[in-house]
Each structure stands twice: as structure tokens, then as C-alpha cells.
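Next up: the structures, one after another.
Each of the two complexes below includes subunit A, the first together with subunit B, the second together with subunit C.
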Partner chain A sequence: MDLAVVVVIQILYAVASLALISIGLAIIFGMMGVINFAHGEFLMMGGYAFILSYNAGVNFWIAMLVVAPVTIAVIGVVVERLIIRHLYGRVIETVLATWGLSLFLIGLAATVLGYHQKGVNPPFGTIRIGAYQEGGYTFFVIFVTLALMAALYVGFKYTRWGLIARGTMQNAQMASGIGVNVDRVYATTFGIGAALSGLAGAILAPIAGVLPEIGVTYVVKAFITVIGGGAVALAGTGAASSLFGAVSQAVTFLSRPVVGEVALLVVAIVLLRLLPLGITGRYFRRGL
Partner chain B sequence: MSRNALGLWTMGVLSLVLVFGVPAIVETFALIDFTLFIAMAILSLSLAFVWGFGGILCFGQSAFFGLGAYTYAVAVINMGESTVPILLGILLPVILALVLGYFMFYGRVSDVYLAVITLAVSLVFYYLIGASAGEEYKIGSARLGGYNGMPSVPPINVPGDPSAAVEYEALYVPAAVLLAVVYFGLRALLASDFGRVLVSIRENEARTELLGYDARRIKTVALAIGAGIAGLSGVLFCAWGAYVSPTVFSLVFTAQIIMWILVGGLGTLTGAILGCVLIQYLATWLGETKIADVNIVLGAIFVAIVLLVPSGFVPMFARLGDTLTRRRGEAGS
Partner chain C sequence: MTVKRRSFIKTSAAGAAALAAGPYFWPKGASAADTVKGGAIYDLSGDLQLFGKNQWACAEMAIDEINAAGGVLGKKLEVKTYDSQSQMQAYNQYARQMVLRDKVAVVQGGLTSSSREVIRPILHKLKTLYFYNTNYEGGVCDRNFFATGATPGGYVDLLSGEAMKRWGKKVYIMAADYNYGQITAKWIQKAVKDAGGKVVGEEFFPLTVNQFGPTISKIQAAKPDFVMNVFVGPAHASFYGQWASAGMNKRIPMVSTTFGAAGEVVRMPPEIADGIMTCYSYYEDLDIPFNKKWLAEFRKRNGTDYGYLTDVPPKDWYGWIFWAKAVNEAGTTKREKVIEVLEGGLTVDGPGGPLTMDAKTHHCTMDMYIGQAKGGKFEIQKKVAQVPPTNTGNQCDLIARPDTNVMYEPKI
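== the complex of A and B ==
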């Protein structure tokens, strides 16, 4: 019984962390049709922003929940102005340009901060479940992810800004025709996506640590989750990360972590063969 | 003489220089470096063909390359003779490509989705081979060695005579000949009916299908040809360094191959070779002199090319050359 509870918690955690690392990328892809391959480095920089400001004496929660997302949002807006803006409508070119950016940022981080791994201890200690122990921080990650998804849903569905953003996504020309500043909507959306990536990087930093190259481990999973989910950002990420996270965590339990990673990739390959436009290409098409 | 014929003659002369001239004037040490560049140039050609002419954005070219390298390593350790392992190193990637091609093209997967699938395939190899560190993971007498890779892979030998090894600087001439064979082979292929249909699929798949060609079959075959060439390159790479490790399947390596093509220009074979040599040379030079972090420089070049020279350098200079000659022609008449 205790084991079953632990297994369920672990699977929930796998799903939540997958959704957390993917959501920033998903919003940018779903809203703007742009694949940001430097996404992993946004997470990496979020992690650094958090750890460096925490070490400099900023309060733990402010460093994580405010400093990291705001810093990365600013960087995101700059990247949008300098690079992404010139490549709208050309998915492959944006992938390539941001891939170059990702190399650049890895090199920059390595030069400035060095190759040593930085980390902080996760708060909350451990919680006993019968004969097992579970880190309290695990629950925090699951909770934050749920809260974030809910906030995004409300933001896009019920606010004036969300309405404008969705309208621009559906038909940018029409939106522009009725007086929406499309450029600004794109820049803001990209900034929000970047902020979410920075936040995700900061939240995962106590667990995974931060290294200049850590983005590489995030970006492929996020990329696969987002493409597997399809163009509808929230529903797609939710569905794809539930599927991939559950499968990979379940397989990890039955054998070992590597086989879990491989299972995730194999499921993604088969999924894209069956649903070439991702899950939301067929289901939840009217979702958000 | 047309530009095409001129280009063909130029490349013919250049490849003769590459095969016969370079070994005569270059030092042994540099020749060994050149051999690696040649192996990489063959890999670059394979993606130039698949992506530039087939329009198939394959993020998994490194999977074919790595599979070729590992196949050669495992087979040659077991057999002790290199002829069959070389052929296997080409054949296995071809089979993988046929299976993948059937899976993707017959399922009408395209674009960025295709990129994800091919990327995922090469990462599956990365994880699986990386996890093969234990004593129990061996094929015949060859231990896979996990992330440490497989050291001491025997060199290529003269067919039928395992004692006559072709290694170090001696590998240069066969490699250069192979590069020339692959280059002219691809040019011939592109000039054939098959090549023309392939390019027309890249331009407009629906229209080509309406003319009665089976785009799915042709793209599968093109992917398989590219995979065979990438496999050959992997074999050369593995025999050159007597070593192979899972990094050949990594994301960083994949990015590098794509960058060679972008620098040289999409849709040219010559550009793929130039781009590859240029970037490889730059990376080696930066690594030795430590002037700046390799990633910063390569990343900045990558971004700059996509933004400023999206067609790549060779097509840009070709256009520039055309404009100049036309101006001169006008001035003369």
C-alpha cells in the first residue's frame, strides 16, 4: 500500500516536472509557431539567476519565484527583438537560429561562470509514508505546476490580454486590422514563455543542480513533449506530459532510469507516426 | 563551356590534387588531420544530399553515422578482418533508414515532426549505448563500454590480408578517393531521372505525385542512400581514431553536421564539403589556441548565417560571380 502511494507520487512528479520544463516552450510554439531551441538554456539561466541571487543574500522564495522569471523574461524579450522577430513564419529557420543561440549561451555561461556544478539544498525536508520517505519538495513541484497551469488557463481564457493574445494567434492580420499591436503581443508572449522557462529552471535547480550544459538534458524532452502535444499549448502539454511522464516513470520502476528515457522517446516516435500533428492535432482541438 | 561543365572540371582537377598532390607536399601529421576532415566531409555530403536536395530535414544523420561506426567496431573486433565490417557499417544504416523511411514517409510525417522523430532515434541510441557499460554488454567478443566508448578498434586492412593494415597517414589516400567517389556519385545521381524527381518532390510534393511519382518511395530511397554514405563516414571515423563513443549520437554532434550544411549552403554539394572543413578547422583552431570558447564562436556564426546569409556562402558567391560576369558581358557588348 505504501509502495503504491510512493509510485503514484513519483509518477505525478514525473508528469509535473515534464509539464514544468515544457510549458514555456509550448506557449511560444502554440501562440507563435516558433520553436525556441535555446529553451534549455533559458532554463539553465533561470537556475543560475536563482542560485546566484540566493547566494548573494536574496530571500530564497523571492530569488526563485521573482528574480529568476523576471531576469529570463528580459533576456527573452531581447532575444525576440534581435533574432526571432526576423524569422516569423519560418519554423525550421527559427529552430536553427535558436539552436545557434543555445550553443552561444552555453559557451557564455561556461566562460563567465565556469564548469562547476552549483546547487542549493531543497527545503521542506522529507515526509514519511509508511516505510518510505519522500522529499517535501516533490510535493511543492507538483503543486506549483498545477497552480501555474491553472493560472495560465485563467489568464488566457478570462483576461482581456488573454483574449487579445488568442485572437492574434488565430488571425494576426485580422487582429492587426482591428487595432491590436501584433508586434507587442508577440514580444509579450515570448517574454511570458521565457519567464516560465526561467521559473522552471529555478524550481528544478535545487533538485538537478545547474551546469552550463544542463539545458541539453531539458531541451530534447521539452521539444518532444511540445511537438507530441501539438499546437494547442496548455491541453497539449498537459496531455503529452501525462502520457510521456507516466510511461517513462512506470518503465523506470520496472527496470531502470535509462530504459525509462528510451521508453519516453519510443512512445513519442510512435505517437507522432499515429498522430502526425501531435495529440491536439486530433483531440482537444478547441482546447487552450 | 557551361557553368555546370566548368564546375565539374574544376572539381575533377581538385579531387586529383586532393588524392595525389596533397600527400606529396603535406607533412605526415597534417595528413592524419586531413583524413579526419575527409571522413567528416563525407558525412556532410550525406546530409547535403538528404536535406539540400531531398528536402528531408533529418536531425538524425548522426544516428546513421554512429551506427556505421559502432557496426564497424563490433564487427571488426569479432572478425579480425575489415572488408565485411566495412560493408556491414554501410548496410546496417541503410536498413535502419529504410525502416525509418517506411515508418515516417508512408505515415506522411513531415517538417518539424520529422525532425523530432529522427532526433529521438539518435538519442535512443545515445542512451542505450551509454547504458552498456557493464561486463555483460558485449556482442561476440566486443565490449560496448557505455559512455567510455570502445577503444583499440582494429584499423582497416587490405581486403583479404588482415596483416596489411591501412592506418595513420596511409588511410588518407583511400579516404580521399572515397570522398571523390561519393561526390561524383551524388552528382551523377542528381543528374539522373531519380535525382530530378527527388528535387521536384522537394519543390512541390503534391504536384510531383500528381505526375505519377511515388514520393514516399523516392524519399525513403533517398534517406537510405544518405544513411549508407553517413555509415561509410562513420566507418572511416572509427577506423581513423581506433575509437568510438556515444558522443557520435549526441545533440551537439548533430548540431555540428547541420551547421556545416548551413555554412556551405543548402542545395550544393561543394558547399557541404567547404562548410565542413571550414567549421572543423575553426573548431580545432579555437580548441588549440583558446582565444575564445568554441561554443560562443560557433553559436554566433550559426545565428549570423541563418539571419544574414540564409542561403549559405557557396550559393552567395555563385550569385555574386554570375552578376559580375553578366556585368562584364554587358560592358563588353
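== the complex of A and C ==
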């Protein structure tokens, strides 16, 4: 019985962490059609922003939940103004440019920040479940991800800004015609995507560590999730991370980690064969 | 001036060659006669620079020491350094370049087993000595090849033996899912069984896995006396935070064959790192006079922002000193003569204690230490003097069979 509870918690955690690392990428891809290959490095920089400011004396929660996303949002807006905005509608060029950016950011982090920045110990104690012991931080990650998805839903669905953003993404020329500053909407949306990536990097930093190359370990799974989810950012990420996270974690429990990884890829391939536009290509098309 | 087609082709070809040579020109004025040339290849940029930079810092220190003491054969030792950029094809290209164009007398370097297996056959064929200075899965048996690193035949026994003595006989093994992890896990299985212990679980992780929740639950169910890991790379480093977050680091002791090699004790907070037990042939905290002087010199040259040195980087210091000593004793850089001297039981004293080259295997006998992470460094708790390189299960004998050129796996 206690094992069943542990398995369920682990599956929820796998789903949540997958959604967390993917949501920033999904917003940038889903809303703007931009494939950001430097996504992993946004996560990495979020982790650094968190541990550097925390070690410099900033309060733990402010460093994680405020400093990290704000810093990466600023970096994101700069990147959008300098690079991305010249390449809207040119997918291949964007991929190449952001890939170059990714290599540049890894090199920059390795040169400037190095490999020996002191990490942060995960807070909260442990929770006993029968014969098992689970980290309180696991529950925190699940909770934060749920709260984040809810906040995004409300933000895009019910605020004036969300309406303008959605309108611009649907038809930029029309939005421009009725007086929306399209440039600003694009920059802001990219900034929000970047901020979410930075926040995810900061939240995972205590349990994953921060290294210049750490982004590489996230980016593949984030891409599979976003492509599997399709163009509708929130619903797509939610659905795809639920499917992939649950399958890979359940299979890992039943057999071995390598089989879990394989299972995730098999499910992704079959899914894309049946639904080439991702889950939201057929379901939840009117979602967010 | 008229440009003839032939001379144009000649000059542009020469120009192209000069361009291709890039920054690797010999300094002007140094002719081949008054220097002895060596080649170094390290991962100075890319994913492995964390290791490569420290390796080269130690090698460079050795080369400067050699030259300060009069060089090799009374000449200056001049070493050309190549940055592999952590790319295997660069190893291939530069190994050939070092031998064919630079005409070096020895090549040293490489970190991963894959890089070693790219350049070892090339250097074997081109008859140029190769020193590989990393701890690795063991088993290479090749007369042209010398290894100063530790191999599992030595440290796995010591580490698992010490852990079983301290905590009990039930072991859970976690290892990276490739050559090094698989072979080392086999050694652990053997060492544990030989000592009357029991392996209660064994799991392998692809290098990309960074979620360890299910495994941590499985370990709790298996209730081992300690866990022994063979982790590799940044994704696996994520394990320690998750282990600590679940409070397991206070319940089940952790032993590792790799922890600390990438400066983990500096990077991870003590709440996560403390208590992890390792076995290496070098720690910064070794209390021996040679090390104190050596480390002071290293810090003077490199500052303090390099992490924490364990097994690997200082072995590149040993490697260069070994070769220079052998050449000076042989009175020539000729390969056969140098090999003969090295096989004559050559010993080099260094920061981790004396290393002696074993004639049969071309691996080294060395002192090993047990160190436990504590407060951002390692506490040295035990020394085992002069551990022989039994890494191939005594299958390798280059004195009896000098033509051997294979990589043995443990017979278990």
C-alpha cells in the first residue's frame, strides 16, 4: 500500500517536472512559432541566477521565485530584440541562430562563472510514507507547477494583456491595424517564456545542481514534450507531460531506467505517427 | 611581375598549409636540434574542460619543472599542446599531426576511454610512446602504452572492503550504463562476493538520466547496508541532491568511485556531500611534505578557482616526469630504449607518494587512500601503501608476450 502511494507521488513528480522544464519553451513555440534551441541554457542561467544571488545573501525564496525569473526575462527580451525579431517566420534560421546562442551561453558560463559555484541544499525535511521516506521538495515541485499552470491559464484567458497577446499571435497584422504594438507583445511573450525557463531552472537547482552544461540534460525531453503537445501551449504541455512522464516513470518502476527512457521515446514516436501535429492537433484545439 | 601558373599553385599551397597550421607554429629561432619535442592533447574546451584544464595545468607544471632541472638530454623539452575541444575526431586528427608533422617523441593526454581508444591504435601503429594518465576501467595491454592512473582492480577492492567493514555486507550498486560503469560494476560484484557480501540490487543509468526517484524508492525497499555508485557526468550528479532531499544520506551510507573527481566537494553544499566515501591515489588534503610543496606551487600558478584536485589531474604531472626520467636514464628518446628503462621498475616520487611502473602491465603500483567528504573537502582516513595494478586479473604480461595489443575485460 505504501509502495503504491510512493509510486503515485513519483509519477506526479515526473509529470510536474516535465511540465516545468517544458512550459517556457512551449509558450515561445506555441505562441510565436519560434523554436528556441537555447532553452536548456535559459534553464541553466536561471539556476545560476538563483544560487549566485542566494550565496550573495538574498533570501532563499526571493532568489528562487523572483531574482531568477526576472533576470532571465531581461536576458530573454535582449535576445529577442537582438536576434529573434529579425528571424520571425524563418524557422530554420531561428533554429541555427538559437543553437549558436546555446553554444555561446554554455561557453560564457564556463568561462565567466566556472564549474565551482557553491550549490544550494534542498529545503524542507522528509515525509514518511509507511516504510518509505520522500523528500518534501518533491511535493513542492508538484505544487509550484500546478500553481504556475493555473496562473498562466488565468493570465492568458482572463486578463486584457492575455487577450491582446492571443490576438497578436493569431493575426499580427490585424492586431497591428487596431493599434496594438506588435513588437512589444512579441518581446513580452518571449520574455515570459524565458522567465518561466529561468524559474524552472532555479526550482530544480537544489536537486539537480548547476553546471554550464546542465541545460543539455533537460533540452531533449523539453523538446519531445512540446512537439508531442503541439501548438496549444498550456493544454499541450499538460497533456504531453502527463502522458510521457507517467509512462516513463511507471516503466522505470517496473523495470530499469534505460527501459523507462526507451518507453518515453517509443510513446513519443507512436504519438507523432498518429497525431503529426501533436496532441493538440486533434484534441483541446480550442484550449490555451 | 608575372604570375606563372605553377609557382602560383606552389605558393598558394604553401600558404594554405600555413593557414591550416593555424596557431601551432614553432616559436621562431627554435630549431629541431636544440629541443626535444613532446605532444600533449587535453580537453581544454567543450564539455570536458572541467577536467582537461586541470590536467594540462598539472602537465605544464611538470614540463616547467623538467626544464628548470636541465630539460631532457640536456635540451629544452618543448611540448606542443592541442585542444581536442572534447571531440573525438580532433583526437584522431591531432594524434596523426603530432607524430607525422611535429615528430614528437611522446604523446600524453586524453581523459575518456573513448578518446584513449581513438589515439592509442594510431600511436601504436606510428610507433610513438603514449602515456594515458587517467583512472579508467583498466585492462589495456599494449607495449607502446603506459598508464599512471588507478584501475578498478585496486580501488574497487579497497573501497568495497572498507565499506563492508564499516557498515555491513549488503550492497546496492548504481552505475553508468556504458563501458566504464559496466566493467567497474563487474569488479564490484566480484569484490563483494569474494569478501562474503551480497549484492541486493544493481541498476544501470544511461548518461542522460537525471531523475532518480524510482531508484531511491527501490533502494529503500532493498534496505542495503550501503550504496556504491559509479556515476559519470552532470546528469548523474543530480542524484546527490535528490538523495539528500529524501533524507537518505542520513540513513544509508554512500560510496563512490567517481565522486569528487569533478570538484563536487566544492560545488555541493556539505549537507549533500558530507559522508560520501571514496578511494583515490591523491587528495589535496594528503598530509605528506611533497604534496604540501607541490600543492602550494600549483595554487601559485593557477589560483584557487580550479575546484578540488583528486586522482586524475596530478597523474598528468607524474606522466611527464616519468617519461623525462626514463629518457634521461636511457640517454636517448628512442622508443625501444625508453621502454626498456620504464620496464626496469622506474619509480617517480610525487604529491600522492611514489609510483612504480610495473613491467608486465605498463600500469603503476601506487599508494591508495580512503577519503570521506567533510565540510567542502576530504578527510583522509586510511592509507594502503603500494597497491599493485592487478587490473587485468594478471592476464597481461608484456615481458613474456611483448606483441600483445588487446584490452582485457575482467574474468569473473
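Basically, the second predicted complex is superposed on the first by the 285 of 288 C-alpha atoms of A that agree within 3 Å, B and C clash if a C-alpha of one lies under 4 Å from a C-alpha of the other, contacts with A are read in each partner's own complex, and residues count from 1 in each chain.
The rule we apply is simple: a contact is a pair of C-beta atoms (placed from the backbone, for glycine too) under 8 Å apart; a residue touches a chain by one contact, two chains touch by 3 or more.
On a predicted model such as this, the values are computed, not experimentally measured, just so you know.
Enquirer: Kindly say whether there is room for both subunit B and subunit C on subunit A in the superposition, answering fit or clash.
Expert: Pair status: clash.
Enquirer: Going by the contact rule set out at the top, does A:L87 touch subunit B (first), subunit C (second), both, or neither?
Expert: first
Enquirer: Just subunit B (first), just subunit C (second), both, or neither: which does A:A110 touch?
Expert: Once the two structures are laid over each other on A, A:A110 reaches both partners.
Enquirer: Of the partners subunit B and subunit C, which touch A:I224 in the superposed model: first, second, both, neither?
Expert: It touches subunit B, and subunit C stays clear.
Enquirer: Looking at the overlay, does A:I214 come into contact with subunit B only (first), subunit C only (second), both, or neither?
Expert: A:I214 sits against subunit C, while subunit B stays out of touch.
Enquirer: Check the residue A:P206 against both partner chains and state whether it touches subunit B (first), subunit C (second), both, or neither.
Expert: Touch partner of A:P206: subunit C, not subunit B.
Enquirer: One more residue to check, A:A97. First (subunit B), second (subunit C), both or neither?
Expert: First partner only, subunit B.
Enquirer: Looking at A:I178 after the superposition, I want to know if it touches subunit B, subunit C, both of them or none. Which is it: first, second, both, neither?
Expert: Neither partner.
Enquirer: Based on the superposed arrangement, let me know which partner A:E261 touches: subunit B (first), subunit C (second), both, or neither?
Expert: both
Enquirer: Tell me which of 20-28, 56-64 or 92-100 in subunit C produces the clash with subunit B after alignment on chain A.
Expert: 92-100
Enquirer: Residue overlap on subunit A between the subunit B contact set and the subunit C contact set?
Expert: The overlap between the subunit B and subunit C interfaces on subunit A comprises residues 107, 110, 216, 220, 256, 258, 261.
Enquirer: Taking the complex as given, what residues does subunit C use to touch subunit A?
Expert: Result: residues 45, 47, 49-50, 177, 203-206, 208-211, 213-215, 217-218, 220-221, 234-235, 237-238, 240-242, 244-248, 251, 262-263, 266-269, 271-272, 305-307 of subunit C touch subunit A.
Enquirer: Write out the stretch or stretches of subunit A touching subunit C in their complex.
Expert: Interface residues on the subunit A side: 3, 6-7, 10, 13-14, 17, 107, 110, 114-122, 124-126, 131-138, 206-209, 211, 213-214, 216-218, 220, 249, 252-253, 256-258, 260-261.
Enquirer: Under the touch definition given earlier, write down the residues of subunit B that touch subunit A in their complex.
Expert: Touch residues, subunit B against subunit A: 57, 103-104, 107-113, 115-117, 119-121, 123-124, 127-128, 130-131, 251-252, 255, 258-259, 262, 292-307, 310.
Enquirer: Would you tell me which residues of subunit A are touching subunit B in their complex?
Expert: So the residues of subunit A in touch with subunit B come to 35, 83, 86-87, 91-93, 95-97, 99-108, 110-111, 216, 219-220, 223-224, 227-228, 256, 258-259, 261-262, 265-266, 268-269, 272-274, 276-278.
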